[in-house]
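Below is a structure I'd like to ask you about.
Naming follows writing order (A, B, C and D), and every chain is counted from residue 1.
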Amino acid sequence: MSFRWPVRVYFEDTDAGGIVYYANYFRFLERARTEWLRALGYSQESLRSDDILFVVREVRARYLRPARLDDELTLTVRVESSRKASLVLAQEVLRRNEQGEEECLVQADISIACMNHGGRPQGIPAVILNAMTSSADGQAG
Amino acid sequence: MSFRWPVRVYFEDTDAGGIVYYANYFRFLERARTEWLRALGYSQESLRSDDILFVVREVRARYLRPARLDDELTLTVRVESSRKASLVLAQEVLRRNEQGEEECLVQADISIACMNHGGRPQGIPAVILNAMTSSADGQAG
Amino acid sequence: MSFRWPVRVYFEDTDAGGIVYYANYFRFLERARTEWLRALGYSQESLRSDDILFVVREVRARYLRPARLDDELTLTVRVESSRKASLVLAQEVLRRNEQGEEECLVQADISIACMNHGGRPQGIPAVILNAMTSSADGQAG
Amino acid sequence: MSFRWPVRVYFEDTDAGGIVYYANYFRFLERARTEWLRALGYSQESLRSDDILFVVREVRARYLRPARLDDELTLTVRVESSRKASLVLAQEVLRRNEQGEEECLVQADISIACMNHGGRPQGIPAVILNAMTSSADGQAG
(Lines give C-alpha, C1' and ligand atoms only; values in the text may rest on other atoms or scores of the structure.)
Protein backbone atom coordinates (compact mmCIF):
# COMPACT_ATOMS: atom_id res chain seq x y z
CA MET A 1 0.00 0.00 0.00
CA SER A 2 1.51 3.23 -1.10
CA PHE A 3 0.69 6.65 -2.46
CA ARG A 4 0.12 6.61 -6.22
CA TRP A 5 0.46 9.35 -8.81
CA PRO A 6 -0.19 9.15 -12.57
CA VAL A 7 2.37 10.42 -15.08
CA ARG A 8 2.00 10.52 -18.85
CA VAL A 9 5.10 10.19 -21.07
CA TYR A 10 5.55 13.06 -23.56
CA PHE A 11 8.17 13.71 -26.24
CA GLU A 12 10.13 15.86 -23.75
CA ASP A 13 10.72 12.75 -21.61
CA THR A 14 12.07 10.49 -24.36
CA ASP A 15 15.41 10.28 -26.14
CA ALA A 16 16.68 9.16 -29.54
CA GLY A 17 16.61 5.54 -28.31
CA GLY A 18 12.80 5.81 -28.42
CA ILE A 19 12.46 5.37 -24.66
CA VAL A 20 12.31 7.57 -21.56
CA TYR A 21 15.76 9.07 -20.88
CA TYR A 22 17.24 7.45 -17.77
CA ALA A 23 17.63 10.72 -15.81
CA ASN A 24 14.02 11.75 -16.42
CA TYR A 25 12.58 9.03 -14.19
CA PHE A 26 14.03 11.05 -11.32
CA ARG A 27 11.83 13.96 -12.38
CA PHE A 28 8.80 11.65 -12.30
CA LEU A 29 9.85 10.31 -8.89
CA GLU A 30 10.05 13.82 -7.46
CA ARG A 31 6.66 14.82 -8.85
CA ALA A 32 5.20 11.87 -6.96
CA ARG A 33 7.01 12.80 -3.73
CA THR A 34 5.80 16.39 -4.03
CA GLU A 35 2.20 15.32 -4.60
CA TRP A 36 2.43 12.82 -1.75
CA LEU A 37 3.50 15.61 0.62
CA ARG A 38 0.77 17.86 -0.76
CA ALA A 39 -1.83 15.11 -0.21
CA LEU A 40 -0.63 14.91 3.40
CA GLY A 41 -1.14 18.67 3.72
CA TYR A 42 2.41 19.90 3.12
CA SER A 43 3.18 22.04 0.10
CA GLN A 44 6.74 23.16 -0.65
CA GLU A 45 5.54 26.61 0.40
CA SER A 46 4.22 25.53 3.81
CA LEU A 47 7.34 23.47 4.56
CA ARG A 48 9.53 26.44 3.71
CA SER A 49 7.64 28.73 6.05
CA ASP A 50 8.14 26.13 8.80
CA ASP A 51 11.89 26.20 8.02
CA ILE A 52 11.84 22.54 6.98
CA LEU A 53 13.79 21.37 3.99
CA PHE A 54 13.80 17.80 2.66
CA VAL A 55 17.05 17.17 0.83
CA VAL A 56 17.92 14.16 -1.32
CA ARG A 57 21.08 12.53 0.03
CA GLU A 58 21.31 9.39 -2.02
CA VAL A 59 19.38 7.72 -4.83
CA ARG A 60 19.41 4.27 -6.27
CA ALA A 61 17.42 3.09 -9.26
CA ARG A 62 17.15 -0.21 -11.08
CA TYR A 63 15.88 -0.02 -14.67
CA LEU A 64 13.91 -3.17 -15.42
CA ARG A 65 11.87 -2.27 -18.51
CA PRO A 66 11.79 0.92 -20.62
CA ALA A 67 8.85 3.33 -20.73
CA ARG A 68 7.84 4.78 -24.09
CA LEU A 69 6.06 7.76 -25.65
CA ASP A 70 2.36 8.04 -24.67
CA ASP A 71 2.72 5.49 -21.82
CA GLU A 72 0.53 6.02 -18.79
CA LEU A 73 2.69 5.37 -15.76
CA THR A 74 1.89 5.14 -12.08
CA LEU A 75 4.44 6.42 -9.61
CA THR A 76 4.39 5.13 -6.05
CA VAL A 77 5.82 6.39 -2.76
CA ARG A 78 6.19 4.40 0.44
CA VAL A 79 8.24 4.99 3.60
CA GLU A 80 10.79 2.19 3.68
CA SER A 81 12.46 3.24 6.94
CA SER A 82 12.85 6.35 9.05
CA ARG A 83 15.22 7.79 11.62
CA LYS A 84 15.20 10.98 13.66
CA ALA A 85 16.28 13.33 10.86
CA SER A 86 16.14 11.18 7.74
CA LEU A 87 14.07 8.62 5.92
CA VAL A 88 14.29 6.23 3.01
CA LEU A 89 11.47 6.16 0.49
CA ALA A 90 10.80 3.17 -1.75
CA GLN A 91 9.39 4.31 -5.08
CA GLU A 92 8.33 2.45 -8.19
CA VAL A 93 7.41 3.28 -11.76
CA LEU A 94 4.56 1.00 -12.82
CA ARG A 95 2.76 0.37 -16.13
CA ARG A 96 -0.21 -1.81 -16.85
CA ASN A 97 0.50 -4.46 -19.51
CA GLU A 98 -1.94 -5.81 -22.10
CA GLN A 99 -3.21 -8.39 -19.60
CA GLY A 100 -4.10 -5.56 -17.25
CA GLU A 101 -1.38 -6.44 -14.75
CA GLU A 102 0.93 -3.82 -13.34
CA GLU A 103 4.58 -4.29 -14.23
CA CYS A 104 7.41 -2.55 -12.49
CA LEU A 105 9.64 -0.58 -14.87
CA VAL A 106 11.91 1.13 -12.34
CA GLN A 107 12.58 0.48 -8.66
CA ALA A 108 14.13 3.30 -6.65
CA ASP A 109 15.26 4.01 -3.11
CA ILE A 110 15.53 7.66 -2.21
CA SER A 111 17.30 8.75 0.99
CA ILE A 112 16.06 12.06 2.30
CA ALA A 113 17.49 14.23 5.08
CA CYS A 114 15.51 16.84 7.00
CA MET A 115 17.28 20.17 7.51
CA ASN A 116 16.60 23.79 8.27
CA HIS A 117 17.53 26.51 5.78
CA GLY A 118 20.82 27.07 7.54
CA GLY A 119 21.73 23.55 6.41
CA ARG A 120 21.61 21.96 9.87
CA PRO A 121 20.04 18.54 10.30
CA GLN A 122 16.82 18.69 12.26
CA GLY A 123 14.39 16.07 13.44
CA ILE A 124 11.42 15.38 11.21
CA PRO A 125 8.42 16.90 13.07
CA ALA A 126 6.39 14.06 14.60
CA VAL A 127 3.16 15.23 12.99
CA ILE A 128 4.71 15.02 9.53
CA LEU A 129 6.38 11.67 10.14
CA ASN A 130 3.10 10.27 11.48
CA ALA A 131 1.25 11.47 8.41
CA MET A 132 3.90 9.96 6.15
CA THR A 133 3.87 6.63 7.89
CA SER A 134 0.12 6.23 8.19
CA SER A 135 -0.34 7.20 4.56
CA ALA A 136 1.96 4.35 3.70
CA ASP A 137 -0.26 2.02 5.70
CA GLY A 138 -3.65 3.38 4.93
CA GLN A 139 -3.87 4.63 1.37
CA ALA A 140 -4.86 1.87 -0.98
CA GLY A 141 -3.28 1.76 -4.42
CA MET B 1 -12.94 29.28 -26.48
CA SER B 2 -10.05 26.89 -26.50
CA PHE B 3 -8.84 23.55 -25.24
CA ARG B 4 -7.48 23.75 -21.70
CA TRP B 5 -4.96 21.56 -19.90
CA PRO B 6 -3.69 21.88 -16.31
CA VAL B 7 0.03 21.82 -15.51
CA ARG B 8 1.61 21.97 -12.06
CA VAL B 9 5.06 23.57 -11.64
CA TYR B 10 7.65 21.30 -9.99
CA PHE B 11 11.29 21.86 -9.02
CA GLU B 12 12.39 20.32 -12.34
CA ASP B 13 10.71 23.22 -14.19
CA THR B 14 12.33 26.05 -12.27
CA ASP B 15 15.80 27.59 -12.34
CA ALA B 16 18.10 29.41 -9.91
CA GLY B 17 16.18 32.63 -10.60
CA GLY B 18 13.29 31.06 -8.67
CA ILE B 19 11.01 30.99 -11.71
CA VAL B 20 10.15 28.59 -14.51
CA TYR B 21 13.08 28.34 -16.95
CA TYR B 22 12.15 30.06 -20.21
CA ALA B 23 12.65 26.98 -22.41
CA ASN B 24 10.44 24.81 -20.22
CA TYR B 25 7.24 26.62 -21.18
CA PHE B 26 7.67 24.96 -24.56
CA ARG B 27 7.48 21.57 -22.85
CA PHE B 28 4.20 22.66 -21.21
CA LEU B 29 2.90 23.95 -24.54
CA GLU B 30 3.59 20.62 -26.21
CA ARG B 31 1.93 18.63 -23.44
CA ALA B 32 -1.20 20.70 -24.07
CA ARG B 33 -1.03 20.16 -27.84
CA THR B 34 -0.57 16.41 -27.33
CA GLU B 35 -3.55 16.21 -24.97
CA TRP B 36 -5.64 18.35 -27.30
CA LEU B 37 -4.97 15.89 -30.14
CA ARG B 38 -5.69 12.98 -27.80
CA ALA B 39 -9.00 14.58 -26.76
CA LEU B 40 -9.89 14.83 -30.46
CA GLY B 41 -9.14 11.11 -30.84
CA TYR B 42 -5.59 11.27 -32.19
CA SER B 43 -2.73 9.84 -30.17
CA GLN B 44 0.87 10.12 -31.37
CA GLU B 45 0.60 6.39 -32.03
CA SER B 46 -2.53 6.60 -34.23
CA LEU B 47 -1.12 9.55 -36.19
CA ARG B 48 2.09 7.64 -36.82
CA SER B 49 0.23 4.62 -38.15
CA ASP B 50 -1.64 6.96 -40.53
CA ASP B 51 1.75 8.29 -41.72
CA ILE B 52 0.94 11.77 -40.42
CA LEU B 53 3.56 13.83 -38.68
CA PHE B 54 2.98 17.28 -37.20
CA VAL B 55 6.25 19.17 -37.17
CA VAL B 56 6.95 22.49 -35.43
CA ARG B 57 8.23 24.98 -38.01
CA GLU B 58 8.32 28.20 -36.03
CA VAL B 59 7.59 29.33 -32.51
CA ARG B 60 7.11 32.71 -30.94
CA ALA B 61 6.58 33.38 -27.26
CA ARG B 62 6.10 36.53 -25.23
CA TYR B 63 6.92 36.24 -21.52
CA LEU B 64 4.61 38.56 -19.59
CA ARG B 65 4.83 37.30 -15.97
CA PRO B 66 6.93 34.51 -14.43
CA ALA B 67 5.48 31.24 -13.13
CA ARG B 68 6.84 29.87 -9.85
CA LEU B 69 7.22 26.62 -7.93
CA ASP B 70 3.89 24.98 -6.98
CA ASP B 71 1.90 27.20 -9.37
CA GLU B 72 -1.16 25.64 -10.97
CA LEU B 73 -1.15 26.71 -14.60
CA THR B 74 -3.69 26.29 -17.35
CA LEU B 75 -2.41 25.76 -20.87
CA THR B 76 -4.67 26.60 -23.80
CA VAL B 77 -4.71 25.61 -27.48
CA ARG B 78 -6.68 27.31 -30.24
CA VAL B 79 -6.38 27.16 -34.04
CA GLU B 80 -5.37 30.66 -35.08
CA SER B 81 -5.30 29.96 -38.83
CA SER B 82 -4.94 27.00 -41.15
CA ARG B 83 -3.81 26.26 -44.68
CA LYS B 84 -3.71 23.08 -46.75
CA ALA B 85 -0.65 21.55 -45.09
CA SER B 86 0.03 23.78 -42.11
CA LEU B 87 -1.62 25.62 -39.27
CA VAL B 88 -0.86 28.20 -36.63
CA LEU B 89 -1.88 27.51 -33.04
CA ALA B 90 -2.35 30.27 -30.49
CA GLN B 91 -1.44 29.03 -27.03
CA GLU B 92 -1.42 30.68 -23.64
CA VAL B 93 -0.09 29.92 -20.17
CA LEU B 94 -2.65 31.15 -17.62
CA ARG B 95 -2.66 31.44 -13.83
CA ARG B 96 -5.44 32.51 -11.51
CA ASN B 97 -4.49 35.48 -9.31
CA GLU B 98 -5.65 36.11 -5.76
CA GLN B 99 -8.79 37.85 -7.02
CA GLY B 100 -9.67 34.67 -8.89
CA GLU B 101 -9.02 36.21 -12.31
CA GLU B 102 -6.96 34.42 -14.93
CA GLU B 103 -3.79 36.23 -15.90
CA CYS B 104 -1.77 35.43 -19.00
CA LEU B 105 1.87 34.59 -18.21
CA VAL B 106 3.02 33.56 -21.68
CA GLN B 107 1.52 34.06 -25.12
CA ALA B 108 2.75 31.78 -27.89
CA ASP B 109 2.16 31.19 -31.60
CA ILE B 110 3.21 27.78 -32.86
CA SER B 111 3.42 27.09 -36.60
CA ILE B 112 2.96 23.44 -37.43
CA ALA B 113 3.48 21.66 -40.74
CA CYS B 114 1.87 18.36 -41.69
CA MET B 115 4.20 15.83 -43.33
CA ASN B 116 4.55 12.14 -44.01
CA HIS B 117 7.45 10.19 -42.58
CA GLY B 118 9.41 10.64 -45.77
CA GLY B 119 9.46 14.34 -44.89
CA ARG B 120 7.11 15.46 -47.67
CA PRO B 121 4.44 18.05 -46.95
CA GLN B 122 0.96 16.63 -47.04
CA GLY B 123 -2.48 18.08 -46.63
CA ILE B 124 -3.98 17.87 -43.17
CA PRO B 125 -6.75 15.24 -43.49
CA ALA B 126 -10.12 17.05 -43.52
CA VAL B 127 -11.48 14.96 -40.65
CA ILE B 128 -8.61 16.04 -38.40
CA LEU B 129 -8.75 19.68 -39.42
CA ASN B 130 -12.51 19.72 -38.83
CA ALA B 131 -12.06 18.24 -35.38
CA MET B 132 -9.35 20.77 -34.57
CA THR B 133 -11.40 23.71 -35.74
CA SER B 134 -14.68 22.75 -34.14
CA SER B 135 -12.91 22.01 -30.87
CA ALA B 136 -11.67 25.56 -30.96
CA ASP B 137 -15.23 26.77 -31.41
CA GLY B 138 -17.12 24.42 -29.22
CA GLN B 139 -15.09 23.51 -26.15
CA ALA B 140 -15.66 26.08 -23.45
CA GLY B 141 -12.72 27.13 -21.32
CA MET C 1 30.65 38.49 -37.59
CA SER C 2 29.35 37.11 -34.36
CA PHE C 3 30.34 35.30 -31.20
CA ARG C 4 30.51 31.52 -31.67
CA TRP C 5 30.16 28.71 -29.16
CA PRO C 6 30.37 24.95 -29.79
CA VAL C 7 27.69 22.57 -28.51
CA ARG C 8 27.67 18.79 -28.82
CA VAL C 9 24.34 16.92 -29.03
CA TYR C 10 23.90 14.20 -26.39
CA PHE C 11 21.07 11.72 -25.72
CA GLU C 12 19.62 14.14 -23.15
CA ASP C 13 18.95 16.67 -25.94
CA THR C 14 17.11 14.33 -28.30
CA ASP C 15 13.60 12.90 -28.34
CA ALA C 16 11.87 9.77 -29.63
CA GLY C 17 11.72 11.38 -33.08
CA GLY C 18 15.49 10.87 -33.24
CA ILE C 19 16.20 14.61 -33.35
CA VAL C 20 16.88 17.41 -30.89
CA TYR C 21 13.70 18.27 -28.98
CA TYR C 22 12.41 21.66 -30.12
CA ALA C 23 12.54 23.29 -26.66
CA ASN C 24 16.14 22.23 -26.08
CA TYR C 25 17.54 24.58 -28.72
CA PHE C 26 16.63 27.37 -26.28
CA ARG C 27 18.97 25.79 -23.74
CA PHE C 28 21.76 25.81 -26.33
CA LEU C 29 20.95 29.43 -27.21
CA GLU C 30 21.24 30.48 -23.59
CA ARG C 31 24.54 28.67 -23.09
CA ALA C 32 25.92 30.72 -25.99
CA ARG C 33 24.55 33.99 -24.57
CA THR C 34 26.06 33.19 -21.16
CA GLU C 35 29.46 32.39 -22.67
CA TRP C 36 29.29 35.51 -24.83
CA LEU C 37 28.77 37.65 -21.73
CA ARG C 38 31.54 35.77 -19.93
CA ALA C 39 33.91 36.37 -22.88
CA LEU C 40 33.07 40.07 -22.59
CA GLY C 41 33.99 39.94 -18.91
CA TYR C 42 30.52 39.57 -17.36
CA SER C 43 29.65 36.42 -15.46
CA GLN C 44 26.16 35.90 -14.03
CA GLU C 45 27.79 36.47 -10.65
CA SER C 46 29.38 39.82 -11.54
CA LEU C 47 26.17 41.08 -13.18
CA ARG C 48 24.20 40.14 -10.08
CA SER C 49 26.55 42.04 -7.79
CA ASP C 50 26.08 45.09 -10.06
CA ASP C 51 22.29 44.67 -9.64
CA ILE C 52 21.88 44.01 -13.37
CA LEU C 53 19.52 41.36 -14.61
CA PHE C 54 19.01 40.43 -18.26
CA VAL C 55 15.53 39.01 -18.72
CA VAL C 56 14.14 37.29 -21.82
CA ARG C 57 11.01 39.10 -22.95
CA GLU C 58 10.26 37.45 -26.26
CA VAL C 59 11.69 34.66 -28.36
CA ARG C 60 11.19 33.61 -31.93
CA ALA C 61 12.72 30.57 -33.59
CA ARG C 62 12.49 29.11 -37.06
CA TYR C 63 13.36 25.42 -37.35
CA LEU C 64 14.93 24.82 -40.76
CA ARG C 65 16.72 21.44 -40.39
CA PRO C 66 16.86 19.01 -37.44
CA ALA C 67 20.01 18.37 -35.38
CA ARG C 68 20.79 14.78 -34.39
CA LEU C 69 22.66 12.76 -31.77
CA ASP C 70 26.45 13.34 -31.82
CA ASP C 71 26.15 16.46 -34.00
CA GLU C 72 28.69 19.20 -33.41
CA LEU C 73 26.81 22.47 -33.54
CA THR C 74 27.99 26.06 -33.50
CA LEU C 75 25.84 28.61 -31.72
CA THR C 76 26.16 32.27 -32.67
CA VAL C 77 25.21 35.53 -30.94
CA ARG C 78 24.99 38.95 -32.57
CA VAL C 79 23.35 42.19 -31.44
CA GLU C 80 20.58 42.84 -33.93
CA SER C 81 19.39 46.11 -32.41
CA SER C 82 19.52 47.90 -29.09
CA ARG C 83 17.60 50.53 -27.17
CA LYS C 84 18.15 52.19 -23.81
CA ALA C 85 16.99 49.28 -21.65
CA SER C 86 16.59 46.41 -24.08
CA LEU C 87 18.19 44.68 -27.01
CA VAL C 88 17.44 42.08 -29.64
CA LEU C 89 19.94 39.30 -30.25
CA ALA C 90 20.09 37.36 -33.50
CA GLN C 91 21.23 33.80 -32.85
CA GLU C 92 21.77 30.83 -35.09
CA VAL C 93 22.37 27.11 -34.71
CA LEU C 94 24.86 26.03 -37.39
CA ARG C 95 26.22 22.64 -38.52
CA ARG C 96 28.87 21.86 -41.06
CA ASN C 97 27.63 19.60 -43.88
CA GLU C 98 29.64 16.95 -45.71
CA GLN C 99 30.92 19.56 -48.16
CA GLY C 100 32.32 21.50 -45.23
CA GLU C 101 29.81 24.34 -45.57
CA GLU C 102 27.94 25.67 -42.58
CA GLU C 103 24.19 25.21 -42.75
CA CYS C 104 21.73 27.02 -40.56
CA LEU C 105 19.46 24.66 -38.59
CA VAL C 106 17.66 27.20 -36.41
CA GLN C 107 17.32 30.98 -36.64
CA ALA C 108 16.28 32.81 -33.49
CA ASP C 109 15.60 36.36 -32.33
CA ILE C 110 15.78 36.88 -28.58
CA SER C 111 14.48 40.10 -27.01
CA ILE C 112 16.17 40.92 -23.74
CA ALA C 113 15.27 43.57 -21.17
CA CYS C 114 17.68 44.99 -18.61
CA MET C 115 16.32 45.32 -15.07
CA ASN C 116 17.42 45.64 -11.49
CA HIS C 117 16.51 42.99 -8.96
CA GLY C 118 13.50 44.98 -7.87
CA GLY C 119 12.14 44.31 -11.36
CA ARG C 120 12.46 47.88 -12.61
CA PRO C 121 13.73 48.52 -16.13
CA GLN C 122 17.13 50.13 -16.16
CA GLY C 123 19.43 51.35 -18.89
CA ILE C 124 22.06 48.92 -20.09
CA PRO C 125 25.36 50.32 -18.74
CA ALA C 126 27.26 51.94 -21.62
CA VAL C 127 30.39 49.90 -20.95
CA ILE C 128 28.45 46.64 -21.33
CA LEU C 129 26.55 47.77 -24.41
CA ASN C 130 29.80 48.92 -26.01
CA ALA C 131 31.42 45.59 -25.33
CA MET C 132 28.40 43.76 -26.74
CA THR C 133 28.29 45.84 -29.86
CA SER C 134 31.99 45.84 -30.64
CA SER C 135 32.17 42.09 -30.06
CA ALA C 136 29.52 41.76 -32.71
CA ASP C 137 31.65 43.80 -35.07
CA GLY C 138 35.09 42.59 -34.20
CA GLN C 139 35.01 38.90 -33.35
CA ALA C 140 35.42 36.86 -36.49
CA GLY C 141 33.29 33.78 -36.93
CA MET D 1 43.46 7.76 -12.64
CA SER D 2 40.37 8.28 -14.68
CA PHE D 3 38.97 10.02 -17.73
CA ARG D 4 38.03 13.63 -17.02
CA TRP D 5 35.52 15.89 -18.74
CA PRO D 6 34.68 19.53 -17.94
CA VAL D 7 31.07 20.69 -17.52
CA ARG D 8 29.88 24.24 -16.87
CA VAL D 9 26.68 24.81 -14.87
CA TYR D 10 24.07 26.94 -16.67
CA PHE D 11 20.62 28.19 -15.63
CA GLU D 12 19.04 25.18 -17.36
CA ASP D 13 20.77 22.87 -14.87
CA THR D 14 19.65 24.63 -11.69
CA ASP D 15 16.35 24.74 -9.80
CA ALA D 16 14.52 27.17 -7.53
CA GLY D 17 16.65 25.96 -4.61
CA GLY D 18 19.57 27.75 -6.31
CA ILE D 19 21.50 24.52 -6.91
CA VAL D 20 21.82 21.91 -9.65
CA TYR D 21 18.63 19.82 -9.83
CA TYR D 22 19.37 16.32 -8.53
CA ALA D 23 18.34 14.52 -11.74
CA ASN D 24 20.56 16.72 -13.91
CA TYR D 25 23.79 15.26 -12.55
CA PHE D 26 22.83 12.12 -14.48
CA ARG D 27 22.89 14.18 -17.68
CA PHE D 28 26.41 15.36 -16.79
CA LEU D 29 27.46 11.80 -15.98
CA GLU D 30 26.28 10.58 -19.36
CA ARG D 31 28.04 13.37 -21.25
CA ALA D 32 31.27 12.23 -19.60
CA ARG D 33 30.63 8.57 -20.48
CA THR D 34 29.87 9.52 -24.09
CA GLU D 35 33.06 11.59 -24.38
CA TRP D 36 35.06 8.85 -22.72
CA LEU D 37 33.88 6.37 -25.36
CA ARG D 38 34.54 8.91 -28.09
CA ALA D 39 38.08 9.46 -26.76
CA LEU D 40 38.58 5.69 -26.96
CA GLY D 41 37.45 5.78 -30.59
CA TYR D 42 33.79 4.78 -30.18
CA SER D 43 31.05 7.22 -31.10
CA GLN D 44 27.40 6.35 -30.55
CA GLU D 45 27.22 6.08 -34.34
CA SER D 46 30.08 3.59 -34.68
CA LEU D 47 28.77 1.44 -31.81
CA ARG D 48 25.35 1.36 -33.39
CA SER D 49 26.74 0.19 -36.73
CA ASP D 50 28.56 -2.61 -34.86
CA ASP D 51 25.21 -3.59 -33.30
CA ILE D 52 26.49 -2.78 -29.82
CA LEU D 53 24.29 -1.03 -27.32
CA PHE D 54 25.37 0.01 -23.84
CA VAL D 55 22.32 0.16 -21.59
CA VAL D 56 22.14 1.58 -18.06
CA ARG D 57 20.85 -1.11 -15.72
CA GLU D 58 21.27 0.50 -12.34
CA VAL D 59 22.50 3.80 -10.95
CA ARG D 60 23.47 4.94 -7.52
CA ALA D 61 24.45 8.47 -6.54
CA ARG D 62 25.44 10.07 -3.28
CA TYR D 63 25.00 13.86 -3.11
CA LEU D 64 27.71 15.29 -0.87
CA ARG D 65 27.76 19.01 -1.74
CA PRO D 66 25.58 21.05 -4.11
CA ALA D 67 26.84 22.56 -7.38
CA ARG D 68 25.72 26.07 -8.28
CA LEU D 69 25.22 28.37 -11.27
CA ASP D 70 28.46 29.16 -13.15
CA ASP D 71 30.40 26.36 -11.40
CA GLU D 72 33.09 24.65 -13.43
CA LEU D 73 32.81 20.95 -12.72
CA THR D 74 34.99 18.01 -13.68
CA LEU D 75 33.29 14.71 -14.40
CA THR D 76 35.29 11.50 -14.11
CA VAL D 77 34.83 7.97 -15.44
CA ARG D 78 36.65 4.87 -14.27
CA VAL D 79 35.94 1.17 -14.74
CA GLU D 80 35.17 -0.17 -11.29
CA SER D 81 34.63 -3.78 -12.34
CA SER D 82 33.74 -5.73 -15.45
CA ARG D 83 32.18 -9.03 -16.40
CA LYS D 84 31.55 -10.70 -19.73
CA ALA D 85 28.55 -8.61 -20.77
CA SER D 86 28.41 -5.85 -18.19
CA LEU D 87 30.52 -3.39 -16.28
CA VAL D 88 30.29 -0.99 -13.38
CA LEU D 89 31.62 2.54 -13.82
CA ALA D 90 32.64 4.72 -10.89
CA GLN D 91 31.99 8.37 -11.68
CA GLU D 92 32.49 11.55 -9.71
CA VAL D 93 31.47 15.19 -9.97
CA LEU D 94 34.39 17.32 -8.78
CA ARG D 95 34.83 21.06 -8.14
CA ARG D 96 37.95 22.96 -7.15
CA ASN D 97 37.52 24.91 -3.90
CA GLU D 98 39.10 28.26 -3.04
CA GLN D 99 42.24 26.50 -1.79
CA GLY D 100 42.61 24.90 -5.20
CA GLU D 101 41.75 21.42 -3.96
CA GLU D 102 39.27 19.21 -5.75
CA GLU D 103 36.20 18.38 -3.71
CA CYS D 104 33.79 15.60 -4.60
CA LEU D 105 30.19 16.81 -4.96
CA VAL D 106 28.58 13.60 -6.19
CA GLN D 107 29.75 9.99 -6.19
CA ALA D 108 28.02 7.61 -8.58
CA ASP D 109 28.15 3.96 -9.61
CA ILE D 110 26.63 3.18 -12.98
CA SER D 111 25.95 -0.42 -14.01
CA ILE D 112 25.98 -0.90 -17.76
CA ALA D 113 24.93 -3.93 -19.79
CA CYS D 114 26.09 -4.67 -23.31
CA MET D 115 23.38 -5.78 -25.73
CA ASN D 116 22.59 -6.02 -29.41
CA HIS D 117 19.67 -4.11 -30.87
CA GLY D 118 17.43 -7.13 -30.54
CA GLY D 119 17.83 -6.66 -26.79
CA ARG D 120 19.99 -9.76 -26.21
CA PRO D 121 22.95 -9.56 -23.85
CA GLN D 122 26.24 -9.87 -25.66
CA GLY D 123 29.84 -9.94 -24.54
CA ILE D 124 31.68 -6.66 -24.57
CA PRO D 125 34.13 -6.92 -27.51
CA ALA D 126 37.63 -7.47 -26.09
CA VAL D 127 39.07 -4.54 -28.03
CA ILE D 128 36.58 -2.16 -26.42
CA LEU D 129 36.98 -3.58 -22.94
CA ASN D 130 40.77 -3.36 -23.25
CA ALA D 131 40.55 0.25 -24.33
CA MET D 132 38.19 1.03 -21.45
CA THR D 133 40.40 -0.64 -18.88
CA SER D 134 43.72 0.74 -20.05
CA SER D 135 42.24 4.24 -20.26
CA ALA D 136 41.38 3.87 -16.60
CA ASP D 137 44.98 2.98 -15.87
CA GLY D 138 46.80 5.25 -18.21
CA GLN D 139 45.05 8.58 -18.53
CA ALA D 140 46.15 10.92 -15.79
CA GLY D 141 43.59 13.22 -14.18
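In this text, a residue touches a chain if its C-beta (ideal position, glycine included) is under 8 Å from a C-beta of that chain, and two chains touch if they have at least 3 such contacts.
Quick caveat, the model's predicted, so the values are computed rather than measured.
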Of the other chains, whose C-alpha centre is the longest way from the centre of chain D?
B
Based only on mean CA positions, could you tell me how far chain A sits from chain D in angstrom?
25
Quick one: chain C and chain D, Cα centre-to-centre, how many Å?
28
Could you put a whole-Å number on the gap between the CA centroids of chain A and chain C?
35
For chain D, residues contacting two or more additional chains:
11-12, 23, 27, 30, 69
Going by the touch rule set out above, what shape does the chain contact graph take here: line, ring, star, complete or other?
complete
Along chain C, where are the residues that touch chain A in the complex?
11-12, 14-19, 21, 23, 68-69
Please give the residue numbers of chain D that touch chain C in the complex, ascending.
8, 10-12, 27, 30-31, 34, 43-45, 69-70
Write out the stretch or stretches of chain B touching chain C in their complex.
22-24, 26-27, 30, 55-63
